[in-house]
Amino acid sequence: MYGSLFADILGRVRVKRPLVHHITNYVTVNDCANITLCAGGAPVMADAQEEVCEMAAVSGALVLNIGTLNPSLVESMIAAGRAANKAKIPVILDPVGAGATRLRTDSARRLLAELEVSILKGNAGEIGVLAGAGGVVKGVDSEGLKGDPVQIAREFARVEGLTVVISGEVDIVTDGKRTLLVENGDPLMGLICGTGCMASSVVGTFAAVCDDPVMASAGALAAFGIAGEKAARRCGKPGCFKVALFDELAALGLLELEQYARVKEA
Amino acid sequence: MYGSLFADILGRVRVKRPLVHHITNYVTVNDCANITLCAGGAPVMADAQEEVCEMAAVSGALVLNIGTLNPSLVESMIAAGRAANKAKIPVILDPVGAGATRLRTDSARRLLAELEVSILKGNAGEIGVLAGAGGVVKGVDSEGLKGDPVQIAREFARVEGLTVVISGEVDIVTDGKRTLLVENGDPLMGLICGTGCMASSVVGTFAAVCDDPVMASAGALAAFGIAGEKAARRCGKPGCFKVALFDELAALGLLELEQYARVKEA
Amino acid sequence: MYGSLFADILGRVRVKRPLVHHITNYVTVNDCANITLCAGGAPVMADAQEEVCEMAAVSGALVLNIGTLNPSLVESMIAAGRAANKAKIPVILDPVGAGATRLRTDSARRLLAELEVSILKGNAGEIGVLAGAGGVVKGVDSEGLKGDPVQIAREFARVEGLTVVISGEVDIVTDGKRTLLVENGDPLMGLICGTGCMASSVVGTFAAVCDDPVMASAGALAAFGIAGEKAARRCGKPGCFKVALFDELAALGLLELEQYARVKEA
């Protein structure tokens, strides 16, 4: 059932080719742009305060990623986020490294407070920190959180009024009422830099054409995860795996997504 | 005839290994550096106002790309451009996203007004906007211009006193008097991020060793396009296509360029 | 003998997975992150003055790379370097382009003066400039130095009280007393952008788990060089060579490193 919904969303992405505005880090920005293209969207990266509002206003979604943060970039994110809220396009926030430094934690909290974020997507540590559930983050890697991640994500989503995604071996997607577990993916995705960021870009691309953030998020993660599974079957080392990951997402058929999505309710 | 001229230029690139100074965006900068190496040049990326003049002054060409723009970067571009003009090395401007935001449009116009730009290379929408010919740009993608692109490019080149390149399925290269159409390339080049930026880097590399900007531009686009055609024959998906694109440009022989260049006068 | 020491270090990297904090350029930053992962470390890139001290304090090593420098980034490097010195983690400095512009030369000198740098790793021109031995740098490429590089590196290391690495066909590693020559590597490594930066990241990763900077540097360069040799055997063109370089470092076995390291005393 979910599979066919996801295939519908992917089909819409490929027909509409939504513009996905990113304000993101300079480490994985090229990968984010290319994976957006592979999903079927049109990426645009722009971060100057002088132009982000104009760019967000004509886009289908806004992806905010704090992977290499500075105070000026936060202001650009706030301005772009307000323009996105006004234009009623979804805002996706990836709080990379929240919990690792005060700047990241405080900035992620400020973005959540000042903007209507549609989808908050992080690893267990990052979400744990932001939810006040004892998350631990070292660098940009999760060292876990205290308690049951599903419960924490659900409660945090309910209180904040948004969709929370915790990425991991099984991805958790919840808006506080519905909770989906996405089981697609491959451990090799953790051995290259940027798969978390890329996943957020695919989520943004799906959310640009789908009003339901839970379905958009789960569908995007299933599609990206299946691409990861297929890439891993072709190549077991990080360099060629990464090349294959782009290839497989670009080549992913709607029927494949429908058939291979492994999603269940929590 | 053009083919053998192009092969001469590529031969000079490989002997002289010109330094190509880029002030460019952080999305595709790595691709620009690598494609410059594959063409036979030596890339250097430097954007601080404190050093751009020194760097430009020892380079063979200066490539300005406004893909991720901010006001401070524009000042660096102006300073470097003036140093390049003084050193009499060609300045190549890629006005990425001009027309999409005021910052980009105004900055591109200012660079054209304050610098002696040798080659202006953009998509149809960007050039249409800058030429006042009703260009439409969404994000960084062209949605076309009003009228005949060859006519518009030719007139704009004549008025501005520079060489205009409109990239597309067929690339248009004109200085207002001579107009060449370059037919090399493959649709797959549009499915990866950065081919437009990379093309500008190759143009800059060729222009560094060739006084004729029309020949340098057309030769570079033919060489890059042939590499794209050969890469597409090896791989039909974006990840491996991109890898092959670098390989094929690096391996491109002078005789191949001479033989496979498809260029005609408009 | 050295081979087995190097294998020990690589083994420790893979067990401890040290966090390697980079303040680096935006050209090769993605490659640096991925090669750190391939070596067995955990990369984190953070450059805002508001967070670099916190990040450095929890890391195993700090890599400073001035490839795209500006005055604000230098302040971040100074702050992070002091935090690293206080936390007694090694600081690795790659003075990319020192000698090409005053900003780069002066900044590299200031970092050396104000921080306790553990390992200074550059090409012959860069080290020659910083050692006052007539180095010549064009863009970011070495055009050599005046005199015997081994002698210059040794004397400079002794005077500065650090380990100096001169990368080249044969890498020189010296702390003024011991001098090792690492012969691993392949000429193809010079045909892609970023191998110098990546080598510094691998050096940082090894130094994070090894108190002896000479052994950490030589071991890292041997490991990276062997990966380059194996990659070159698989692919002779820059695009696929680069993919293979990541693959081969990730797959490098401890016994392979022990067996294939080609290191001798000068």
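Note that the chains are named A, B and C in the order they appear, and that numbering of residues resets to 1 at the start of each chain.
The definition used in the following text is that contacts are C-beta pairs under 8 Å (C-beta built on N, C-alpha and C of every residue); 3 or more make two chains touch, one makes a residue touch a chain.
On a predicted model such as this, the values are computed, not experimentally measured, just so you know.
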{"item": "Mutual neighbours - chains that touch chain A and chain B alike", "value": "C"}
{"item": "Interface residue identity across copies chain B, chain C - same or different by half", "value": "different"}
{"item": "Mean-CA-position distance for chain C and chain B (Å)", "value": "33"}
{"item": "Contacts with two or more other chains, residues of chain B listed in rising order", "value": "26, 30, 242-243"}
{"item": "Parts of chain A lying in touch with chain C, wherever the complex brings them together", "value": "25-28, 30-31, 67-71, 97, 100-104, 138-141, 191-194, 237-240, 242-243"}
{"item": "Interface residues, chain C side, partner chain A - complex", "value": "19, 21, 26, 29-30, 33-34, 37-38, 42-48, 50-51, 54-55, 58-59, 242-247, 250-251"}
